[in-house]
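These are the structures in question, set out in turn.
Okay, so chain A shows up in both of these, paired with chain B first and chain C after.
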Partner chain A sequence: MNRVLEDVIHKNVANTERITAENTVGYVVSDNASGSVAATSFDNTTAQGIVKHMNGLLVGLVQSAVRDLDPTNKLCYLRVASRKFEYLVAPEDMFTITVLQ
Partner chain B sequence: MSAEVEEMLKRFSTMKNIVGIVVVDYDGIAIKSTLDNTMSVHYAAHMQLLTEKARQVILDLDATNEFTSMRIRTTYFEIILVPLEHYFIVVLQNPCD
Partner chain C sequence: MNRVLEDVIHKNVANTERITAENTVGYVVSDNASGSVAATSFDNTTAQGIVKHMNGLLVGLVQSAVRDLDPTNKLCYLRVASRKFEYLVAPEDMFTITVLQ
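What follows is the complex of A and B.
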């Protein structure tokens, strides 16, 4: 699973450069199955914390709420805005991308 | 408070993409809604849970930060959740694309 993820990350390096060059604070790519950080522009402790809190708790909760309200519905992405910055979370099948801006 | 709510609802009724609005107070009771009752109560319950969790998550990640709003984009529509001081507002809208 991790091999696949690394390939995907490799192919998207251009995209990642673009994302980090624009008005973003940083990004985290995490693996869904293991909950571990695959790539990040932050230091590891921060990234782990983000993954654990955001991806683990919030995304799961939102997904179940969405499905509860309409079983055919599915979460596409999530934007959580706070005073300082905004988290953009995009869950996929294999992994989750989180960008802070 | 309800004067502001009325004014907001009036403003929203002119916007085309809006499917529904639910205003929920802190007890989780939908006080105003443009959807039918069962759906409103359903949304109110879920959104209350989500706001609490989201607030905790933001606070955990950075104690000086504060949760201001959340947008949940699903396949059919987009849910915008805004917590205010006495209540919170849930707006369902059709995304433009």
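What follows is the complex of A and C.
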């Protein structure tokens, strides 16, 4: 895994635990370059499914939709509210964090 | 335009005005069947751009991403936060409402 990403995850362990302690179903951090799971509270299959469908595919499509509508605009984050839970997807330059609550 | 949709829009004029009076940039209601703009506070070009990129294309992709992850789940609404404003997209059976705030 990317050294810098590993460092960021390591530094934010306390934050991550605080966030996931309060009414959160779980989280996934994915490495944007490789599309792999960098850190997660889920089992690997669930985490990979979320990374594939949300972090990878969807974030790219939403970013281009936002830019198609206004080339000077930029996606900050995405909230997908479904019947069972809500996906909060925050794309950063090197990694993407998805929290389910 | 679809009779039922016209009726819904007509009945909700007061709500729509209240929603758009408070800090909202504007709104678009689109007819899911025809993909056309049913009601909007924007100029037609802006409204059609939003309907094309958000109501049509993106809502369909998010719905399938949610269902790919869990076939028994269903998309309720979508919030796309960008640097300039936030798109709140609420897909219903016959129409889709997008509010910018």
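Keep this in mind: the second predicted complex is superposed on the first by the 100 of 101 C-alpha atoms of A that agree within 3 Å, B and C clash if a C-alpha of one lies under 4 Å from a C-alpha of the other, contacts with A are read in each partner's own complex, and residues count from 1 in each chain.
Keep in mind that, in the parts below, a contact is a pair of C-beta atoms (placed from the backbone, for glycine too) under 8 Å apart; a residue touches a chain by one contact, two chains touch by 3 or more.
The structure presented is a predicted model; accordingly, all values stated were derived computationally and were not measured.
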{"item": "Chain B versus chain C as contact partner of A:V8, first or second or both or neither", "value": "neither"}
{"item": "Touching partner for A:V25 - first (chain B), second (chain C), both, neither", "value": "neither"}
{"item": "Which of chain B and chain C A:L57 touches, first, second, both or neither", "value": "both"}
{"item": "First, second, both or neither for A:L69, with chain B first and chain C second", "value": "both"}
{"item": "Touching both chain B and chain C, residues of chain A", "value": "49-50, 53-54, 57-58, 61-62, 65-66, 68-70, 72-84"}
{"item": "Complex contacts: residues of chain B adjacent to chain A", "value": "39, 42-43, 46-47, 49-50, 53-54, 57-58, 60-62, 64-76, 79"}
{"item": "Sites on chain C touched by chain A in the complex", "value": "49-50, 53-54, 57-58, 61-62, 65-66, 68-70, 72-84"}
{"item": "Residue numbers on chain A that touch chain B, as the complex places them", "value": "49-50, 53-54, 57-58, 61-62, 65-66, 68-70, 72-84"}
